[in-house]
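After this come two complexes, each holding chain A, first together with chain B and then together with chain C.
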Partner chain A sequence: MSVKVRFFARFRELLGTDIVTEPKAGTSLAALVSGIAQKNKEGYDAIFDEQGSFREFVILMRNGKRVETADAGKTIVADGDEIAVFPPVAGG
Partner chain B sequence: MVIRVQKEDVDIGALITGAKKHGTGAVVVFDGIVRDDDITEMELEAYEDVAVAEMEKIAAEATRLHNLLHVDIIHRIGRLSIGENILIIVVSAGHRPEAYAGSRYIIEEIKKSVPIWKKELTKDGGRWVPGEHGHGAGKPRK
Partner chain C sequence: MLSERELERYKRQILLFGEEGQERLKASHIFIAGAGGLGSPIAIYLAVAGVGAITIVDMDVVDQSNLNRQILHSDRDIGKKKTVSALEKLREYNADITINAIDTTITEENIRELVGRADGIVDAMDNYPIRYLLNRVALEKKVPFFHGAIRGFYGQATTILPGKTPCLECIFPKAPPKEVFPVVGATPGVIGTVQATEVIKYLTGQGSLLDSRLFIWDGLTSTSEEIAVCRNPSCPACGDQADADKTTGKKK
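For the complex of A and B:
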């Protein structure tokens, strides 16, 4: 199974982007992002709080559709998914 | 209708000409510009596919709500200098109230939900511009 994870803005600077992973079947979106983020403490701390929960402002998408961070622990990723993780948008 | 995320600048005059559809009584142009806030340049980044899809939805909704005849939205990315265009919105309508309201609707919705980020580059490094809409941002409309 192959899943691509894309970080944007400050998260990209800390963790990179377009990271292709091969998670085990049954891996949740939260576990996937947490596992990747742990490679850089500053990056992890930017996204997760002291309890390991997503920080309030973090936005998640799966294949271009918003996933609430509260649901990320029970959202199971699938082969071919594209996961995006980013801070609040600031365009315009 | 032109909805794009791109590095290149755009010919606003040509967009205005293209916006003058039959029945047009007003064209409103919004041109967001890199302001000199003691910065050297601005770096913009987008989640491009989702940003374009989101702007297309915003354009469609603005057209429906405000009876617009034409909408163009071009959001630039990459490294931009002070004074350069960041975002160009061109709308036309039969009358000015609809054109102004439609343009205003589009810019406010872009700030809420289109996945684009700005970093102000300074002599000492850089700082990401905070989003105005916190956790609610990025939520795709139905």
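For the complex of A and C:
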């Protein structure tokens, strides 16, 4: 099974992008993103809080459709999925 | 009616949308919230395009550290109110249009009156609390809200059409943390001109808008993408319950 994870903006600077992974069957969206983010502490901390939950402003998309971060733990990724993870930018 | 001078001035864009399109721009009033990094290119391009009335609001004073990106202002403006500087520049760009430059802080109390009967609201803010307020006022007044935001080399933009597209709170229910954001001036240049293009298209009825689409610009790799965005039925600003709350007068 192959899943592509795309980070945007600040997350991209810290973690890279277009990361192709081969997760085990039954892997949740939250576990997948968390696993990749752990390679860089700053990147992980930008996306997850101290409890390991997604920070409230993080936007998650699966194949172009929004997944609420609260549901990411029970959303199981499938072969060919493309996951997008991004922060809204705020400057003007 | 367009004058001879206007016909000449706008000749090259009348080729695109005709005298009728130009008349529509002339008859329009656009509200720009902010005269900073995004507000500068937005206001300049809408002024030179001949948008008949522009209201631009800012509460700040020009600071030296603004000049890397806020191209309405220059060295000689340091210490001036941004609205004074903006008014001077925009008049120089186009003396045939009406510019209202208002020096005030946008609040829940004054925003409806500030926007008045404008045909659209352009987001040139640097924070989400005021963006959410602008979004709600656009929903109330049923006028489009042209969102843009930037950080560093990155930017995003979308056009919100009340009742048709997701609103800002559907797309970004939670604001990112406040920070002194890094930025190179070309980034608000890219996003601000995307927003100005959206306004011109909306007013002249050209092309297809960034509706239900979030445009994302990555200047570091010079790539752009778009993400389809959907309405949130339980959105506190535009969801089904928001309407019910409004009709029963329940305070949200």
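We adopt the following convention: the second predicted complex is superposed on the first by the 88 of 92 C-alpha atoms of A that agree within 3 Å, B and C clash if a C-alpha of one lies under 4 Å from a C-alpha of the other, contacts with A are read in each partner's own complex, and residues count from 1 in each chain.
In this text, contacts are C-beta pairs under 8 Å (C-beta built on N, C-alpha and C of every residue); 3 or more make two chains touch, one makes a residue touch a chain.
Here the structure is a predicted model, which means the values were calculated and not measured.
The superposition on chain A brings chain B into a clash with chain C. In the superposition on chain A, A:Glu56 makes contact with both chain B and chain C. In the superposed model, A:Phe8 lies in contact with both chain B and chain C. Aligning on the C-alpha atoms of chain A brings chain C into conflict with chain B at a single listed stretch, 225-233, out of 81-89, 99-107 or 225-233. Overlap of the chain B and chain C interfaces on chain A comprises residues 8-10, 12, 56-57, 59, 61, 64-66, 84, 86-92. Residue ranges on chain A touching chain C, taken from their complex, read 8-10, 12-13, 56-57, 59, 61, 64-66, 84, 86-92. Within the complex formed with chain A, the residues of chain C that make contact are 34, 36-39, 123-128, 148-152, 154-156, 171-172, 174-179, 181, 183, 188, 216, 218, 220, 227-230. Chain contact summary for the complex, chain A toward chain B: residues 6, 8-10, 12, 56-59, 61, 64-66, 84, 86-92.
Those residues of chain B whose C-beta lies close enough to touch chain A in the complex are 32, 44-47, 49-51, 53, 75, 86-87, 107, 110-119, 128-135, 137-140.
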